[in-house]
Amino acid sequence: MIQSIIRELPEKVRPYLELGKVADYIPALSVIAPDKFGIAVTTVDGKTCYSGDSREKFSVQSIVKVFSLVFAIRCVGDRIWEHVGRKLTTKAFNAITPIEEAEGIPRNPFTNGGAMVIVDMLLSHDRNFTQNLLTFIHKLTGNSFIAYDFSVAESEKLTGHRNAAIAQFLKSYHILKNDVDDVLTAYFCLCSLSMSCEDLSRALLFLANRGLDPLTESQIISSQQCRRVNAILMMFGTYEASGDFVFRIGLPGKSGVGGGISVIVPRKYSITVWSPPLDEFGTSVAGLKALEFLTEQTDLSIL
Amino acid sequence: MIQSIIRELPEKVRPYLELGKVADYIPALSVIAPDKFGIAVTTVDGKTCYSGDSREKFSVQSIVKVFSLVFAIRCVGDRIWEHVGRKLTTKAFNAITPIEEAEGIPRNPFTNGGAMVIVDMLLSHDRNFTQNLLTFIHKLTGNSFIAYDFSVAESEKLTGHRNAAIAQFLKSYHILKNDVDDVLTAYFCLCSLSMSCEDLSRALLFLANRGLDPLTESQIISSQQCRRVNAILMMFGTYEASGDFVFRIGLPGKSGVGGGISVIVPRKYSITVWSPPLDEFGTSVAGLKALEFLTEQTDLSIL
Amino acid sequence: MIQSIIRELPEKVRPYLELGKVADYIPALSVIAPDKFGIAVTTVDGKTCYSGDSREKFSVQSIVKVFSLVFAIRCVGDRIWEHVGRKLTTKAFNAITPIEEAEGIPRNPFTNGGAMVIVDMLLSHDRNFTQNLLTFIHKLTGNSFIAYDFSVAESEKLTGHRNAAIAQFLKSYHILKNDVDDVLTAYFCLCSLSMSCEDLSRALLFLANRGLDPLTESQIISSQQCRRVNAILMMFGTYEASGDFVFRIGLPGKSGVGGGISVIVPRKYSITVWSPPLDEFGTSVAGLKALEFLTEQTDLSIL
Amino acid sequence: MIQSIIRELPEKVRPYLELGKVADYIPALSVIAPDKFGIAVTTVDGKTCYSGDSREKFSVQSIVKVFSLVFAIRCVGDRIWEHVGRKLTTKAFNAITPIEEAEGIPRNPFTNGGAMVIVDMLLSHDRNFTQNLLTFIHKLTGNSFIAYDFSVAESEKLTGHRNAAIAQFLKSYHILKNDVDDVLTAYFCLCSLSMSCEDLSRALLFLANRGLDPLTESQIISSQQCRRVNAILMMFGTYEASGDFVFRIGLPGKSGVGGGISVIVPRKYSITVWSPPLDEFGTSVAGLKALEFLTEQTDLSIL
């Protein structure tokens, strides 16, 4: 049944494509066609189903924070919580006020500041981690053509004064151990990762299966770590809009300003939807609507 | 297996009883013995299991906000969202700053201000709603001895200047339609509700079963409404500590300063744990620890 | 020369009368004719000059905070600083957020919360202080017809939920020693004080003369205390707009939502101007403009 | 009489030298001997009087913001108010939260962000303005040995991540027109200006004389502009501590984290005091105490 719902989604969400606005603060992203829509679902027993532009690569942006968090948990374990909180936020992903209020500690790993702290830890662990993280993603997806898009990274570096402000601010509190410029370069590199809905839904399947990739039988993270990563997706995945996201969708998920949203249905599915026009919180309007249709018509909510 | 874990919990949490502090801002609550601990689990197929002081009544305090929210959904439906948000909070349950920032709109139904808005709506719907809400709880539990504790309500009314400030503040924004004093009287009355772990775990069972009480086969709220109430418990149930609560427990839950915590395991259980000493966020220290033991040793997390 | 400038002011400020809005949150104030304008200047050698509606009584509202502060300094001295700060504010006079941020301590004596703390101290000192403060003002002005306007006080009490919230909030921090209702009754009584421009300019003359009333030769407060009261007027007298007020006028002054502004020209004059329509900060638009004309054409600024 | 008071000050403030802490966030400043104290007074009729280390040069730091403000008023006039406010602040000079709250507009010209906006305007007006500002100061003082201390500027540039964050943040709001690095280089250059108490007190004498330097008879800024600059000193000169500063001193003044405080006594004196140990607001402890002694024993307050 889910297949027929998925197949109808591109048609059903069409009216919503006009309600959002493609991110324009990163010049390289602002040129994306606003009428794109794709969705891909991968089941824990290895089936896939998709429709629309599900094979077109897009800039994953903040969705990469899920990979860097998982990679950091594998590399440095619970030490990641020394310099980043597990606190809700009521401000935007790129807000700097909450960092000042907490004297340098980003509220959680999915704010931009929190993700930079994770990047900094990974840099301290391995100067070449961006390449190794890419290899990790190649293994997760079986697709070794996935790559960073350096034109996007460059574009963001030139105009990313707000992220530069956040990195300098963290450095002023001695939270970052590495050079500000190195952290920013790695951060923008990660955000430029280019993947399709099918890639993302495949890559994150282990989060729907207690940390074990069901197809390769590789234990990516432990069952407890997996529960915790999903908790972080649920509580912080769409920043200050997480309350409303869970109210509407009932699932852990992570949005990116490239228009992607990846959600996890524990024990069942990994889903990624993509449509570039965003709402005021940086979440894809049609993507969110598609997830709402899907959860209303099926029994996917875990609540 | 869960039975044997439950049975061992009173012993296992004993060391944690000393780490919290019994609420002292309501005089009538400050006299509770700090070494109490009880837990009760009710399954959707009607079995129960409990240990410790699971039959002793305690002041449910903010846990009543779950009942008043459900009652309001039944009475006034989606109109409840006109005057209360679904937004995360980074401040304490009795903070007034977030209300001023949002020009009178409480962030969510579980902050004190949000609960007062719900009370106000219920008062407008039915002047006598506190009595009818009690009858509703009698039906949910099959226990008609459950009652408000007027000595607690009186005690809180005399010293509840902070809640009085919140009510006056909401009134200044014309958010409350009824008399401030009437709203406060009803609010303090609700909070004084006295129930045991077994009562609470029984009463909230419908939230583990898509809104249908499995034992009476009465549909309390719709399946979609049930998902949404659970979403609200998950995101806002322990206020600014919700991020960490879900990280540790992985379940929707609601705390009260009387020391109770009620959690829902969708499709499986309704659980209530009670122990009076609280952490800085107003959550029972030993109660939270017990839930952590329970979820670590079983597979209760939904994530 | 100042006389001719003063005489021309009613004509010059006429175009500005339309730019403000008469306070409407106190019903009894909202009925005032919006085209009123008066000004009175009293010199330290006893001359007076005035024009417009300078003899018409109006509700002094927050200007009374100058009298209650001076009265408190006389009654309890430096102890007033134990429960009220000398801190700038960036929020409105009736904001509650700054009180929560400072855990109950109002930022300065001219915020509503700060003025309530002063009222509370005066109540503790003398249950009957409102009457004695009135007698004090009778002596300062030589006009024993000055009185509180109980219809205004009643009107504000009925609708003053925001001030009630502030008082309850201060009480929750144990900052107020007296009953909340007593403090509010006294506070609203004070704010209802009805005086004319001539009354106010005469009454505050001692602040232009190092604390000594030059006409009665009575030392109201010491020279040092006088400097400090003027400092408080300069820094906090128009709340968050004080920075711009001093930029434009260069003098210590206090506004009230009744439309009055009293300013002190140390060693020279006491000036009160009145016009009901207010700007967004609760300052009389035409009154502020009149003071700007006056200070531009004379050499009254002390800077 | 003032001469004898001045002469006794180094002895009188000695006990206060230990109560502060020399700024340590700029490495080059942290090595200053903490027992330095100097004061210099210049009268509008050209007399000077001084004691202690009044001829020793120190890093003026934020006091330079007075010169850059005056220079900007001369160069670009009232346009400076397009991108910087005249609002009080309740946060530290290097806080970033108030900038986010105002969507990029610094609260006033004396916060670090506000001073950077002034620097940016000056850079747009004249790429070489730092050199020309120095020439301006040479003329004001008649001392052409005054110079920037490039070792201090370098030291601050290497460690000034917080100021870099502020500049990047302003740039993200398009408030800065020039390259972030150019603005920071010029800003740190200005702050490194090295002057003695005698230099500073001489240089700012025009502010005590309606904008006219009484010794060279050069009109530096107009009388109205002078009143406004003094208003800015009075309201914002010691940041969030300005309320208490004016309460204690009753004069417009500007502090710097190098330990200097310059105050203006309109129509009479320009005073600079210097002592490196600072209080929590970045104001010289002994310097503030010295000014308090001075104003208590003389009649210098303008209030």
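When the chains are written out, they are named A, B, C and D in that same order, and each has its own residue count from 1.
Throughout what follows, a residue touches a chain if its C-beta (ideal position, glycine included) is under 8 Å from a C-beta of that chain, and two chains touch if they have at least 3 such contacts.
Because the structure is predicted, anything quoted here is derived from the model rather than measured.
Each chain gets a centre from the mean of its Cα atoms; for chain C and chain D, those two points are 33 Å apart.
Once the centre of each chain is set as its mean CA position, chain B and chain C turn out to be 47 Å apart. In terms of their C-alpha centroids, the spacing between chain B and chain D amounts to 55 Å.
Residue positions of chain B with contacts to 2 or more other chains are absent.
Shown here, the protein chains touch around one cycle, each chain meeting exactly two partners. Checking each pair of chains for touch leaves A-B, A-D, B-C, C-D. Every residue of chain D that touches chain C in the complex is listed here, in rising order: 85-90, 98, 107-108, 224, 226-228, 230-232, 234-236, 240, 242-244, 246-247, 250, 252, 266, 296, 301-303. Residues of chain D that touch chain A in their complex: 95-97, 100-101, 161-162, 164-169, 171-172, 180.
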